[in-house]
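Mind looking over this structure? Questions follow.
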Amino acid sequence: MSAEIKGLNEECGVFGIWGHHEAPSVTYFGLHSLQHRGQEGAGICVTDGEKIDGHRNLGLLADVFKNGELDQLHGDGAIGHVRYATAGGKTLSNVQPMLFHFQDSSLALAHNGNLINARTLRRKLEREGAIFQSSSDTEVLAHLIQRGISDDFYDNLKAALCQVKGGFAYVLLTEDAMICALDPSGFRPLSIGKIGDAYVVASETCAFDVVGAEFVRDVEPGEMIVFDKDGMHIDHYRTDTQHAICSMEYVYFARPDSNIAGVNVHTARKRMGVSLAQEAPVEADMVIGVPDSSISAAIGYAEEAQLPYELGLIKNRYVARTFIQPSQELREQGVKMKLSAVSGVVKGKRVVMIDDSIVRGTTSKRIVKLLREAGAAEVHVRIASPPLKYPCFYGIDIQTRRELIAANYTVAEICEQIGADSLEYLSCDGLVEAIGRPFPAEKYGGITMAYFNGDYPTGLYDYEQEYLESLEESSLR
Amino acid sequence: MSAEIKGLNEECGVFGIWGHHEAPSVTYFGLHSLQHRGQEGAGICVTDGEKIDGHRNLGLLADVFKNGELDQLHGDGAIGHVRYATAGGKTLSNVQPMLFHFQDSSLALAHNGNLINARTLRRKLEREGAIFQSSSDTEVLAHLIQRGISDDFYDNLKAALCQVKGGFAYVLLTEDAMICALDPSGFRPLSIGKIGDAYVVASETCAFDVVGAEFVRDVEPGEMIVFDKDGMHIDHYRTDTQHAICSMEYVYFARPDSNIAGVNVHTARKRMGVSLAQEAPVEADMVIGVPDSSISAAIGYAEEAQLPYELGLIKNRYVARTFIQPSQELREQGVKMKLSAVSGVVKGKRVVMIDDSIVRGTTSKRIVKLLREAGAAEVHVRIASPPLKYPCFYGIDIQTRRELIAANYTVAEICEQIGADSLEYLSCDGLVEAIGRPFPAEKYGGITMAYFNGDYPTGLYDYEQEYLESLEESSLR
Amino acid sequence: MSAEIKGLNEECGVFGIWGHHEAPSVTYFGLHSLQHRGQEGAGICVTDGEKIDGHRNLGLLADVFKNGELDQLHGDGAIGHVRYATAGGKTLSNVQPMLFHFQDSSLALAHNGNLINARTLRRKLEREGAIFQSSSDTEVLAHLIQRGISDDFYDNLKAALCQVKGGFAYVLLTEDAMICALDPSGFRPLSIGKIGDAYVVASETCAFDVVGAEFVRDVEPGEMIVFDKDGMHIDHYRTDTQHAICSMEYVYFARPDSNIAGVNVHTARKRMGVSLAQEAPVEADMVIGVPDSSISAAIGYAEEAQLPYELGLIKNRYVARTFIQPSQELREQGVKMKLSAVSGVVKGKRVVMIDDSIVRGTTSKRIVKLLREAGAAEVHVRIASPPLKYPCFYGIDIQTRRELIAANYTVAEICEQIGADSLEYLSCDGLVEAIGRPFPAEKYGGITMAYFNGDYPTGLYDYEQEYLESLEESSLR
Amino acid sequence: MSAEIKGLNEECGVFGIWGHHEAPSVTYFGLHSLQHRGQEGAGICVTDGEKIDGHRNLGLLADVFKNGELDQLHGDGAIGHVRYATAGGKTLSNVQPMLFHFQDSSLALAHNGNLINARTLRRKLEREGAIFQSSSDTEVLAHLIQRGISDDFYDNLKAALCQVKGGFAYVLLTEDAMICALDPSGFRPLSIGKIGDAYVVASETCAFDVVGAEFVRDVEPGEMIVFDKDGMHIDHYRTDTQHAICSMEYVYFARPDSNIAGVNVHTARKRMGVSLAQEAPVEADMVIGVPDSSISAAIGYAEEAQLPYELGLIKNRYVARTFIQPSQELREQGVKMKLSAVSGVVKGKRVVMIDDSIVRGTTSKRIVKLLREAGAAEVHVRIASPPLKYPCFYGIDIQTRRELIAANYTVAEICEQIGADSLEYLSCDGLVEAIGRPFPAEKYGGITMAYFNGDYPTGLYDYEQEYLESLEESSLR
């Protein structure tokens, strides 16, 4: 389902290319394939070796660049960003890449993730006289670099990377190089590819297919990789790292054609559906998925359960562009814009409805209602991931425990609230196995399960206090 | 697949409502669900019983009404239109509804379909002094009405309807009534629903679900139905009618959640896939569908063939909004925007690729190539309809026989051209049976098969000569 | 003063060029110099000998063509129009040039003036089956031509010109020629110029200076002049003509750098000021003019009266672009946007305030108040034209006698209403002499004085009844 | 003449209001009257006592706020800015007011003027780790404040004001107060007014008339004035000050209805014209002024010389909005957009053409040519200020001595270059006396004459070297 329906928002997507004479165009097409990771703003910065120029604005990528802005950008190195606002409000100054002009040089910076000690760092920096131009946590890194004591940019960058905590996949651009760096837990995906002699980096491998690049390798936790005239240079800013890939990338965020840590997302989702069918079977006439992110799991469930997979829910393809909402009266009359239940398909049938997750429960309740109004005889909800009970602090916008229905109600209570005939979730083990333990030697196979079990791989810094309070407030546990 | 990829374009969608105090809003939401039928222009006209106002413009519905234009429209009766340009160029004057102001009254007119004697009628009208404001065939009806000899508007309308030939689903609005009329062959779908006491008409029943309306009945060929303060009045402008519903509505155009002549579109498509699996089985590892219109058939094929159904092709959801195209050089490097093949899914696999139809063959060729580049071991193309050999003159934009690959090459030749390992089409009988003969007593069960077998249900009028020439030119037959 | 302040609106300006390879650009710059004649809409049509294309929209010329629309227009012949809405509402369909596409030809039409029998003609045409696309009176001519019985376009055009009554300066464009025609009374100005071998026509000669053209001659009443590949062809559609040039062009509308019937407008206005000083002297310290149209008369008055001419009123140059209006409360606090009185200049002084005319009196009242608030000791208002008592039906927007203060109150009453210390108008004779009797042998020297004395040079047709009623209603006369 | 013609550009206008419940609207209307001081960008910041919000963009004020942005701004205190780019490029980040968000507070900053040690200060600040978000010199002040060592904001502000050199009229906004400050030489005008209990500050007093405010006093050099809930508090950040008001404000920049240091601008200009007539009489038939800024001087000249004052040059009122320029070919054919000479007025006449100043000479040459082409028999140019020989570093955009024609050629040479029959300038003494020595005890009566005689009232700091080099390069002196 699209972000605005679900209340579960990815933060961003980054893309960069070094050594290609159509760098801005390739970046545009790369970002286009990452648009699902952020629809609130977009931007591209480019260097011709002398200076860095850029353009960014609020809105979808295509709208940001609709008046020929791309033709104004020239150079062989470029980075780009599509944004959803995790931290920092919805204003132009927060749109990335951020571009900083110093006396003798420039720096562009794009960031996917969320820093968990940004508030502390910013307070300290402001006390020392720093002026921030945005409310985004991204800008902190630039100030840390600028205040670095070394004469060497890379030394200052490494020192700065050691100070920021949380989830981050950074792509930076100077006049001389493109640099990427991943946080020590590898929360956010970041991969390297190649088109001829040019290097590309992207949040998801789907971007490589779109721009005709070959996959080279994933960026590893703790790495800082520099691309310059001499090629790729792999370096580390720290080595005490682990793999703790965000499991929600597999469950919900990433495009099904992307591979994360070598695991294809569609395939992982289909296996979640298969496992779910094994763990939570039900007598029914058909399986339907909530479009778009639950389609793969629904197919897997149907195959395993030997039930027909049907298009019982249709999503309006044009909904992203509409700003006109039905009045309260029309809503009560049944006017709906995003999702339709297909009565010709579900009427009189016992339906298994597969969804990837439940956040607040309101959407599930609405869909169950749609299906019943369309004549479904029974609606059995099956969720292809475990109950979401704990917030994410590393870059997904589910930061309030109070809003998570599973943090406050039992499965039986949720089932009743959403009006389903039955409700079952995939188990934690089921999810880990479905993803397939990309790093078998590491905890949970190298993925983060914190949203489901509270087992955060890092300290929580600025969020510690608020997290503890939310645990106490919660009616469950 | 979306219109711009395929080269197969629906012409329009119409919507109307009578007797609802939020008529313009309901029309907006109704049109929104019909946006797939036309993305080039949109408009709404509304009457408050005294006058008719309207707004229309080029572009998507949401863009046309993005600056509060909807708030300017007030009244209990409204009609709307989303447009693809069948006849008449891409200019504002051709966007509908067309609104005509006479001295003492007004008339708004929305049209789905294509007239086949418009050129002749227009020539005659211009000779008599008529001035046309657009190049659209739609305007002809207004001139015929205006020149009617009766004092009664409905008499003149009926006389005018008897003069126009071809495919048409008209919705008209006067200060006193909403009127709809369907051509004598019922080429285009048009249905009636109800919200409380208000009547709605729409090109597809999916619009009823979206606005919370109940289905009442389909408009029958030759009917002219008036909705006014006294309710619905069913009348006929002629009675020598037949059913010849456009089969391509089932195959490609309509939304899967719509019912046409009582047949659910998704269900019909799934049955096409089932029949195709029976008629043209193949040893393979998986079935994939070309999104979006071939998904249902692919599911049907997979179920019948007992093969896994996989997401091997991903469509970029945001492509409709992008006007920036890759340069020739980038295209050669492999930059693509609309469709990605998922190598993580298809690599090393024998793939059955289901598509709803092949028009020029260029798209199929491209998709087969994508799949091979993504590592597919074999690509077996199966088309869920018979070969498209003859143009449509009733409202679909496939008017040149020269462009139809199946009119010029054998199936074996097409298979070679698109680079598939094998290619098979559904048979004509298979299609008719899959749709299910909604009018069993009529030829082909009441659907038009002309695109596949040249059996046009009407004379071709203005197109006769050009059609005959195209038959001679064609290398086949 | 600008149109929106005054309540006195010119209807339009026309421009055309034939035989110049940058015809659309020259038309743009010509229209730009005529922008004061209409700020509500603008358009240009162009022919390359094969077809006619055009672009038009609501708004100022520069806004209408701000997105490169001019680059889309190519050809050697072009006509253009800037519009103020005399007859016909403020909608796109009324913006000119109107472009009509017939089967084998096209016609573009631009009109400055107002027809006085358009309602009658339109009623008749609609009864015969005509459909009008606009509510503008301009379209009538096209229908009359189209219904002409001759095979020759020019014969039909002449016959049509004989049927329309009132004030009109037409410029037409076909694929083969540009045509201009003037009404039999010559109400509206229209002149011919030349740039190299190319002919230009324009509502005012200021356009010739701007595009580098030389003045050739004025179009005479009753003439129809054709410009084609063989040059200029002067013809008449009727010969029973007179000169009755709109005197308000001299008083208020035209640019001071234009010549009308050989008389420079600034010079005429200055002479009005001189005559006014002779007819209505007053003891005072300075003379100020209401910008912009009264500046020339104020200079004339000052020179004749031997008083200093001062800038006591300043107009904000940027006001045309602002759509934000002060709230009622702010207005009461004294917030004003258009005109400021300069207290540094007028404080403690006896001021002669020259204005070109008084329409409703509200503006004069406001300006007198501004001057008093700025400290003026005395404000003596002198109007450089006679009292406006009768409406214009030939193209100026003062059609309601009820609104004309001088039609309802004596000069003494008006003086009191506007709060002036004294008020005097120029006499009718004074105006005629100041303009200088361009056609000495004709009544009033060839100008229309109807607005001041009710002596209309033509019958009033559609307006007759309403005019007679207004005379009866009026409290004066 | 307008800025784009002349090559002489004012930098900015500022406006602020404290204690008015429609503060943003009043600021809008105040800025509207200052639009002549900057057309490249505009913005407004507002505080409700809790936070500061703002909106700014490139373009004219009316365009910046055309989509309801003003309705989003609420609060009792507001500041605004219209900008021409003196220092810092033409990008959004340089548009003011600049708004800085700190952890516990915000600061908005608007600046009229130019700092002459900004480069040095910025270099120093960047070395200490500061990151600048713009290339504007305005931002320097914010960094200086932020790095202040005191706990008291006002102490830090005063210390910062002591560090910046050059011309500045600052208006600042915090959640608690509006503050204004003027440089120690008082180069730029800044006045205080009152509407009821609310205080306003503005670059020119014309803004007070427009918003209905009464003039209270001018801000004096070295003052820092705070407006808060307790009213107005006058303070000084330094006391070793002088008056050195920019004389070009009187000559060219300010609106004629403004008073600067108690001197009305129109009156001063008229006196310049009178003095010029005395110093440089000529036998002629008429006097014309180059619109708009030379009108007052022309009137003065005409009165003193007892010659008729005529409108021999007409400026197109709509030119500010046009982005379409004539092609080279059309320009050569005589297409012009901005200014027309009125042949009906000047033909065969000996003309005295009054202009306020000559910068590069190109404009004067063009106007003389226009007048000759319009038939003027003689053109005698009289300039109502002394020859411009030295650049301004305090806020006017004439920073290159190489571009100043009078720095490189004698008056006789300039006369020949511009093609005039004679050329004379007002003397320095004449200018000082015409302005009227507002501070009689101070040098030049308290105004800056540096542009004419090189007598800069301050050191030149960052510009010293470049200035000395330019002196050497210059062919004169």
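We just call them A, B, C and D in the order they show up, numbering each chain from 1.
Here, contacts are C-beta pairs under 8 Å (C-beta built on N, C-alpha and C of every residue); 3 or more make two chains touch, one makes a residue touch a chain.
Because the structure is predicted, anything quoted here is derived from the model rather than measured.
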Among all the other chains, which ones are in touch with both chain A and chain B? none
From chain A, which chain is the farthest off, judged by mean CA positions? C
Rounded to the nearest Å, the gap between Cα centres of chain A and chain D is 50
Once you find the CA centre of chain C and the CA centre of chain D, what distance in Å lies between them? 36
Centre-to-centre distance between chain D and chain B (centres being mean Cα positions), rounded to whole Å: 62
Junction residues of chain B, two or more chains touched: none
Go through the chains and record each pair that touches. A-B, A-D, B-C, C-D
Applying the document's contact rule, which stretches of chain B touch chain C when the two form their complex? 92, 100-103, 122-123, 126, 128-133, 135, 139, 142-143, 146-147
Per the contact definition, I'd like the list of chain D residues that touch chain C in the complex. 22, 25-26, 28-29, 32-33, 35-36, 60-63, 65-66, 70, 195-196, 206, 209-213, 255-257, 259, 264-267, 270, 292, 295-296, 299, 303, 308-311, 314, 316-324, 326-327, 329-330, 333-337, 340-345, 374
